[in-house]
């Protein structure tokens, strides 16, 4: 796959169809993959990579590096393409200046799972035919791929690309998944247990803003948390409104727009399951207003800027949330 | 603090056209409800940003209630429909975070429903008083 | 007791009698009108008022043909035929004796009586 | 094209001709009617009560069997059609009913009964097509003035049956035209014959049925056709002065397979 | 630095009875930013207002808080007071310590404490208030009336009388609407044409009124005071300026088999036609669906016989663009289609007619020249059954849930006219309720019963059965007799429900005017602003707002005109300054705000921004039209970046209030 992608990227660069390519590149470690901008065939030959570690969602990177006067090729995994569709719907990226190639994703590996298994001093990781070989300073170990696949991929919502100019490899389908199971588990707890759970999780937050920076739905020109006039700033002070409410506000801000790509949880250095906040909103929206998948189609009307006269009343929450 | 001494802090957002007028009518008719309820006038229920409600909880409110025109009767035609969706989702999230769902409420009160306004407020204050002091949302960030 | 019957009728028929605006179209359309002591619109009204016993004890409940003309033509979607059926079910479920007994059948049956007639009648007149 | 076929009790006994002509005609039209292996009597009338499931189970079984065979379910007798279709509608729209039936039967009833129920006439209209039928007629009944008698069961409740305009139907009239005869429109064609009341009050049923045939005869019909054995029985008992026959008999006659 | 003044009103004992006003004034005087605090028995009195004015001047106050009755009561008063003292009137906040405090609490301690909280909340808010000025926009002194029935005609005449230009758009070839089709009017039985046609002529002759008949509104842009409307003049294939209305073409036209829609298809007319003798404008129109020349190029008779040379087979639709200050909707109604009511045999028998068809059958200009004859065999009917509420008060799919309001009265009229003209005809009226609220209405209905011997039967018809002999057997219920009855009738007349004209829904979308579920236009307030749409500059005249009879329609039409005149009389419009505004630096251009705006006040523009690295970047940003925005604030919450805020109720202000309450 990777070679096909490289070849096609170079072809498009050479033909002048595009002048820039957005893809992934490998850093010091096999598993340390970051989004990257390539502007020449040489750069592509040298750095371009597409493998089971290419987790980062390129749509946010594309937004940050967009240029209007020239065309950019972007490779999109299915979940990236949902985010991209949402960005197009919100007029945040210029569709005209993009050439989108959809590529399949067979599940990305979560290095944290390997580390959590006690592996240290990792020198290299290779993923081959459903096995993942880990080579460390202290010896080697092989995992079955599903053991180290990230949670978001195990609960993949779709292997289909809602938008593309060109597809490479097999196009998948919208998937059946159990992604709301964790949410349901929390919902089944008592309010006290839930409060304790979230206090435990959110107390670990160091306000590094990684979640916000990675989130493809967080593309505000100026984030309200950075805006002294929003009434929720005051970053420095401790115990302020913004500090405490950051994640709730962020989740509400992306409610109805979050495509559930899982970047927030992936990048969180404190391993806070932030996606469980977003999924709560997604689950509620599906339940109350009919199934809605953000980024499924360009021009969709988000559930929070929409209504029907027969919508459920807010007291549905007090009645246990059953529609 | 024993139960009967507990005085909850309750913030009530009322839309200017229906519910605020309903509250005025309750006053004109001398219908009593607890002084714990403090009203903030907004043009429409759709003006109420979830941030305001979160802020109230963070600042120590024990209950927040939003009152607007009945669905279909909004002065601005559709405002309360949007408010209804926003609040449904917000309340569900607050409940998910462990803030008891009884601490948040939306009621549709028309300008003619002074009696309903008083009844709703009495009931809401009673419910919140029974729940007792709210967990401060700011605790969410404090180490256990 | 009466209230229970009323609730039971409302529940089992699924009809909201309060939607009736008393236009009488059901009775204006009923093919069994002449044979009935209480007419379709009265069924709806009497159930609303809780006068269930009069209905249960009336032969009218066996006169409805379940032809659904009243259901079809009611401008308010009240469905009187379902009310009649629910009242009759109370009667047939309660009665010690069925309205139609198996031993009566030989007296009424003729050579050309279709089986459909017998099963239908049993459905309507028996527990 | 193959359909699962539900004949019903009377078609095996007193209304054999309704069934026989239908089968022969279907064959002539290239349609296979596969009789359900173990069907039970539909019960004759649908019990509208929401708290009553026992009387609906035979229909559920028929629907389930057809679903298993993977075919649409064709009915012929108006009563069977009405009962089965209403049962399906109840399962589709009444969650409580679906829940109870599912529990009792140990199946997901809504899913298991997701079968298209069509009346033989609908099959003629929608699958064969009346234009196509017209072409296959070898013995057009030209000059015959036929009155269609719908009765109540095929048409009502309109929302559930979705058969035709319940107040001004035309499917049988179109059928009559297709076989070369002239339909007679008369107002009593969708009024009730008296149904099962005939068992205990023959006079009432006679009154109802007389009104029907008198209206048809008054408009010049020389024959009445129906899809319901009980309608036919009642009309005949009411001393109809014009013949009352099953529509399938005319169909078979027109197709030359009588 | 803010300098805030606090003024606590006693309202006699209304407030002072349960609130320790001195303590309130004292406590609030210590709030940050407060430089003056006082109490007074009646703050709204002249002396009270002077107290405020003097304090503003003396202390150079930048904002004031009045602790008094509800702002709904005296906010405007105190704003004027502030303005008179040179303080921006939006630097005033009211703490409602009467309706929401002293009147509902009995304990002085509790009430006083609450009054202090309410006061400091208002102080917290006013500290963040910004001076606001109402913006101005010019008013185009011209009105558009859409719909040329009696409602549109009356509104146009009244507006023109006040000296303003009016354009009257009618989609049919002539103005007149439904009233032109009606024979007599209740409860006076005067002839509809006799009272309507002079008004039509007035319209045609009025210099201020411009009639665009056979025209439709295509597009609407702009806002109150300044709408731009595109009107499509449909091709008549006749030059309006040349046609004299002589009617020779209509006589000579060989295509006589065209259904006469003015007579509801009860008879036929020629393909080139003038709908009726008194049509305005009285010019011919060619029905393109039936004209042989237009269909296949074979004929051309009308062109040959026209002495004025007015026929133009090549005429095209024409688009006219015009500016208006106000738009009046007067799109009227139609009877519903009766396809869902075949139990009444309407489609089956020509002798079952709607009431409007009966009007034409009885009209001297109708198909039978005013003699009531059965459509089927043109014989005199001896028994007529009227059925009320056909489709009205009907919650099924084919009906309308509302009462059509006019049917009870016109049926009484029909019954009376028939009994008067044909005493040998028996008339039965099946009714559910007879609704006659209106001047002389019930008396009129009673005359039908008492003087004219009309048989009113409480009940409904279940089925109409055409008989072989041509009679109509009517089966219905007589609920008072508790009987089912059969009537052998010659004709059946159905009082079909009325519904808004089908053109209303797309028009409402163009106007961003709201409609209810029945497609009636919604009024700005059901009681107090019944002739205005919530969308500023859009006014409602006649049945488009809800079922009405003629007198009510005319009353509403004139009321509507008065409102339009009131608007056009202004040179400039001052708008409520408490409107939304977008901070372009923060705006993402994501369109969320636009989606929730009920007024279409938000548009997007591409704007160039200078970036920190001195490059420029073009971004799409939201822009609020302050003249259209009504200040609901829906956009402020929909906006993810907080770019959208609402003057007078800003995010910061409301949060400050929250903080003050929770302090």
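Labels A, B, C, D and E are assigned to the chains in the order they are written; within every chain, residues are numbered from 1.
Basically, a contact is a pair of C-beta atoms (placed from the backbone, for glycine too) under 8 Å apart; a residue touches a chain by one contact, two chains touch by 3 or more.
Model, not experiment: these values are computed from the prediction.
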Problem - Set of chains adjacent to subunit A and to subunit B - result: E
Problem - Farthest-lying chain, centroid of Cα atoms versus that of subunit A - result: C
Completion exercise
A student comparing D-E to C-D should find more C-beta pairs in contact for C-D
Practice task
Report the inter-chain centroid distance for subunit C and subunit D in whole angstrom, where each centroid is the mean of the CA atoms.
Solution key: 24
Practice task
Could you give the separation in Å between the centres of subunit A and subunit C, each centre being the mean of its C-alpha atoms?
Solution key: 62
Fill in the blank from the handout: Rounded to the nearest Å, the gap between Cα centres of subunit C and subunit E is 47
Exercise for the section: Please set out, as single numbers or ranges, the residues of subunit A touching at least two other chains. Expected result: 231, 304-306, 309
Problem - Residues of subunit C whose C-beta touches two or more other chains - result: 34, 69
Completion exercise
Note: subunit E residues in touch with at least two other chains are 343, 463, 596, 638, 651, 655
Handout entry: Set of all touching chain pairs, with the criterion as stated earlier
Key = A-B, A-E, B-E, C-D, C-E, D-E
Exercise for the section: Show which residues of subunit C lie in contact with subunit E when the two form their complex. Expected result: 19, 21-30, 33-34, 39, 41-42, 69, 73-77
Fill in the blank from the handout: Listed in rising order, subunit E residues that touch subunit B in their complex are 70-72, 96, 98-101, 103-107, 110-111, 113-114, 117-118, 121, 514, 522, 534, 578, 596, 598, 630-634, 636-638, 646, 649, 651, 654-655, 657-659, 661-663
Completion exercise
In their shared complex, subunit C is touched by residues of subunit D numbered 8-10, 13-15, 41, 43-52, 55, 77, 79, 94, 152, 155-158, 166-167, 191-192, 194-201, 204, 207-208, 228-230, 233, 236
Fill in the blank from the handout: subunit E residues touching subunit C in their complex are 343, 389, 393-396, 399, 430, 432, 458-463, 475-477, 479, 482, 484
Practice task
In the complex, go through subunit B and note every residue touching subunit A.
Solution key: 50-51, 54-55, 58-59, 71-72, 78, 81-82, 84-93, 95-102, 104-106, 135, 137-144
